[in-house]
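Shown below is the structure under consideration.
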Amino acid sequence: MKTEVLYEKMLLIRLFEEQVGLLFTRGDLFGTTHACIGQEAVAVGVTQGLHQDDIITSNHRGHGHYIAFTGDVEGLLAELMGKKTGVCAGRSGSQHLCYKNFFSNGITGGMIPVATGMALAEKKKKSGKIVVCFLGDGALGEGPLYESLNMASLWGLPIIFVVENNSYAMSTHISEAVAGKILERGKAFSIKTEEFYTQDAGKIFSGFEKIISHVRTQVQPYFCLFHTYRFCGHSKSDDCCYRDKNEELEWRKKDPLLILEQRLEPQTVKRIQEKCRRQIEEALSQAAEAPFPDPACLSQGLWG
Amino acid sequence: MKTEVLYEKMLLIRLFEEQVGLLFTRGDLFGTTHACIGQEAVAVGVTQGLHQDDIITSNHRGHGHYIAFTGDVEGLLAELMGKKTGVCAGRSGSQHLCYKNFFSNGITGGMIPVATGMALAEKKKKSGKIVVCFLGDGALGEGPLYESLNMASLWGLPIIFVVENNSYAMSTHISEAVAGKILERGKAFSIKTEEFYTQDAGKIFSGFEKIISHVRTQVQPYFCLFHTYRFCGHSKSDDCCYRDKNEELEWRKKDPLLILEQRLEPQTVKRIQEKCRRQIEEALSQAAEAPFPDPACLSQGLWG
Amino acid sequence: MKTFAQSINTALEEKLAEDPRVLLLGEDLRDPYGGAFKITKGLSSRYPDRVLNTPMSEFSLAGVAAGLAIRGLRPVLEIMFGDFMTFCADQLINHAVKFRWMYNGQVDVPLVIRTPMGGGRGYGPTHSQSLEKIFMGIPGLKIIAASHFHDAGTLLKDAIDDDNPVLFIEHKLLYPRKIGQPVDGYISDFAVKFSDGRYKTLRLSNTDFDDPQLTVLVYGGMLPWVTEAVNELLVEEEVGAEIVVPSYINQSFIPEMMESVKTTGRLVIVEEGTLSFGWGAEMAARIVTHESIGSLKAPVRRVAAKDLPLANSRVLEEATLPQVRDIKKAVQEVLAS
Amino acid sequence: MKTFAQSINTALEEKLAEDPRVLLLGEDLRDPYGGAFKITKGLSSRYPDRVLNTPMSEFSLAGVAAGLAIRGLRPVLEIMFGDFMTFCADQLINHAVKFRWMYNGQVDVPLVIRTPMGGGRGYGPTHSQSLEKIFMGIPGLKIIAASHFHDAGTLLKDAIDDDNPVLFIEHKLLYPRKIGQPVDGYISDFAVKFSDGRYKTLRLSNTDFDDPQLTVLVYGGMLPWVTEAVNELLVEEEVGAEIVVPSYINQSFIPEMMESVKTTGRLVIVEEGTLSFGWGAEMAARIVTHESIGSLKAPVRRVAAKDLPLANSRVLEEATLPQVRDIKKAVQEVLAS
């Protein structure tokens, strides 16, 4: 995978999240969102090796996963703005996205069993598709994860559990919420594991590509742990009063954008920056002009 | 602990369970029960080293735990018969027992979080009491177990998780329901573990005594795994069609009663047998004569 | 004549045969065991890859079913006792029933959860409840409950064909009962009328629909008690009653109930779940919020379990659950005022 | 004057000070964060050992609270959003509320679960619901919901002192509101009467209880909408209304409602949860099953959310949730017939 491509995806995500932050500050957005600034390398590195018809499940912090996998900046922005042109017509908002085979939900850990069922479906259908299930370190507290690991292992399901450990669940540090070593929790269910200590999207991509191929060919689950960091607050209203500023600064040095930027020509960076900026701006002006959904259609789609 | 004492407790449990089976066959019992025939060594070996004011939580297969810890054959038999003199006045039946600090519930795995909360209470109160939480291999499927292991480890709770692996959850063999090695599931949460491959109540008692003392003095959790077998069906109606008869015979050779019997004088055995028989008979005749609860008191005790 | 259990078993087998998307999953379903209530007996032998024994993971299983459904299968999940539906609450309420609407119709979630509810067998406080009430008010979930006068198997097949999440309630006490089949417009002693389409509502009459004095509304496992009460009252006091028995019990409008009450002006609602905030509350509310309240000749009566847990002891269980005598008493009261 | 949030915070602090058995637990409660809605702010600094941050394990936490309660503590568990109460269903329904009765009174289970419910903030389908309805019919569980005219802190203290499991509902939109305190028998423009004892029911009147034309029954976060509607109707159409606001919302009998309806003969029930099988159903059912039905002059009206999930988009959320205009319309309809 070309560094340029990875960089562009990451930058697009970063600019998107910053734009969303701005819209909130300006009072143009309703509700809340969870930005993934700082974690872009995982989103991009993990998803770029997937087939377009593979499946992703995601969580509250899903914009990065979404944009990296679907490229649909327009639909996402309009969705956050509650517009009819949003990917779910303004119904789902930031935390409950669906676009083709991308699915998220705001209940922490909630998509894990669903992802497991999806992997079982693909196995039964012998489709060759695999499922990537994103979760945060906070979701390690939720018991259904272990039920799902157990079933994924027993049934040999083509699913990769991707743990994004950013050291915090809201304000709670992993030391307060996670006993023992995270990787052991995958191993205990006899699932192969891998740990990534890098913010380098290139390394993540190439490492994860091997895992994808193993899962696809062996039809067996995998449990992957990524150590990363959110540079921003948990959600719009969070000022990170619970974090050490030095810790933040240390991680800022490992900004995934900086890491790849160093490998690119300055003109390339500039070109990509402009391209991404334009894409966000266009998405924004499209979304701004789009109508709100019609309340008369409110009950459409409840029943199939 | 004297072999005689352990033997007597186990025999009392065995005879009790056989008596209950008989009552069902005769149509004298309503509902269902789960006998622990074959698993008596765990019930007795684990509980005899506890203090009377320690806490036990148990599950659907709890008669052995109950009798071993409380000695209350009379209250239990009356309870199963739905009598007013039952330990819960006929309300709870076999699966939901409470006698002082013994608590059970028929929801598989359901008492695990409750036991965890009890251990937290005792720690906060600095009471020096510990909690023993019994669960079967089937309960390993239920996610809240892992939530509880995590909290017990994080908070350093005085609790021992006792897994009775009898290879089956109802008709389901562990190979169909449990991925990986059971002990790893405790270790993954950084909890000390111990495995017992014996049906010898004496060995269980002395091994478990050390664990009790560790948990009490260190105020840390423990995860213990016992390999055992139920000689009987899952519940009254189960003919064990899913089990291999040879497997059953192999385990029958490791009958915990036989193991201890060999260490006792025949007269001692006989004396104990008679004593236990008499106790069961008396409990039975007491319970048979006891009145049914008065429906007029039905709503008493809903509110405190 | 089939039993209720056989009807369910046959329906499952026929769906496995005709629809390759159907997949059964749950605890202990496979042969030789065939399920705690033996409802899936024989099926794994004939369809070894499509009947799955699972670990005891009810919470996740509801989610697994949703995942299967979204990806094009037709999962039928058995929850061994309805009491354990508490474990499925999150995956049903915050996931399965939400997906279609919140994803703006991009997915179907055709899952069925089958589960036995109800008491009467001395299984005690955690194995005897009628917990369907807690799910009735969840938008996007259909709750289907067959009575023994319904064709249970057909209801189940329709549920499997449904593109929406369905909670399918089977009363334990119905399993061994013969299913009542209509013969010349009668089931047993009752003239019967069926609603059109799927998930039929039955109207039963002991007066050939000629001038009934009251309406009894009931579903599922309580129907045998109601027919017994009504039969006795006919003999003893010549009471003519119309019994309305929906199978889609949480549907937003049950026209048969409204029509019948408009005629009779008297209504008794019978359910096995605990009284307060139960099924009967909504049914009664629909009367009092409707113009037809004008035609009411007496206060509505609800017959339900007392607001208590269920005991193991038979005397206590009986004192808690609605009995034939309670139904008769309610009918008499409604007729008296 | 305190806000609703401050009232809760102060009550927690006072209970921590006066009762050593009180223990707070939940996600992110400790300082400096002080809880997702900042309700426990400052408490862990003052009581470091008695305010516990937990992993995200809502299922088990309900059980942990039950275990703490049985062993003599007074746990107050915060569930960050009421939508996650689905996780607590099993431990509440099959464990916490059952223990006392099924153990024949051998234990007390004095636990409190506090949780914010309700929409209006654009949090979308899984962070905006009013899910208390699913727990209302569970025998042994008290559901307490404060309005901003209640003394929220006192209600919470009473809940902590209660020997039974209590689900304590806090509407998100109430947090920043000033609590209405009675001055000379009035709160704001309404004459007010309080019921005796714990968990007070309020009666509010814009006619000094003189010949009200109708009764409005409401709880918790919908009261501001009701007072606004009633105020407007008073000005516009001189409507005299009595508003009945229970705090123990699933109690088996609310005498103030019955009394009021007997006088007015007209009832509007307002709740934020979805309509079907909700709180209003039981309330309406109590009227139609009661002799007082004779005094009804018009069909009862229920104002509630549409039977749909809640959207993120503001226009859709507003179209789903009950609005002031919906309440006014219902009042007008009830008065018209």
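Things to note:
A, B, C and D are the chain letters, set down in written order, and residue numbers restart from 1 in every chain.
By definition in this document, a residue touches a chain if its C-beta (ideal position, glycine included) is under 8 Å from a C-beta of that chain, and two chains touch if they have at least 3 such contacts.
Quantities reported herein were computed from a predicted structural model and do not represent experimental measurements.
Number of steps on the shortest path from subunit A to subunit C, with steps defined by chain touch: 1. Averaging Cα coordinates per chain places subunit C and subunit D 31 Å apart. Centre to centre, using the average C-alpha position, subunit A and subunit B are separated by 45 Å. Remark: subunit B and subunit D have CA centroids separated by 41 Å (rounded to whole angstrom). For the pair subunit A and subunit D, the distance between mean C-alpha positions equals 36 Å.
Touching two or more other chains at once are residues 91-92, 96, 105, 107, 110, 140-144, 147, 150, 154, 176-178, 302 of subunit B.
For subunit D, the set of residues that touch two or more other chains comprises 54-55, 57, 59-60, 83-84, 90, 94, 98, 101-102, 124-126, 139-140, 307-309, 311.
If each chain is drawn as a node and touching chains are joined, the picture has every node linked to every other.
Across the complex, subunit C meets subunit A through its residues 23, 49, 52, 54-55, 57, 59-73, 75, 90-91, 94-95, 98-110, 139-140, 162-164.
Taken together, the subunit B residues at the contact with subunit C in this complex read 30-32, 79, 82-83, 86, 90-96, 105-110, 138-143, 169-172, 176-178, 241-242, 292-293, 295, 298-299, 302.
Touching subunit D in their complex are the following residues of subunit B: 55, 87-89, 91-92, 96, 98-99, 103, 105, 107, 110-122, 124-125, 143-144, 147-148, 150-151, 154-155, 300-304. Taken together, the subunit D residues at the contact with subunit A in this complex read 27-28, 30, 32-33, 36, 53-60, 83-84, 121-127, 306-309, 311-316, 318-320.
Here subunit B touches subunit A in the complex through residues 140-147, 149-150, 153-154, 176-181, 184-185, 187-191, going by the rule given at the top.
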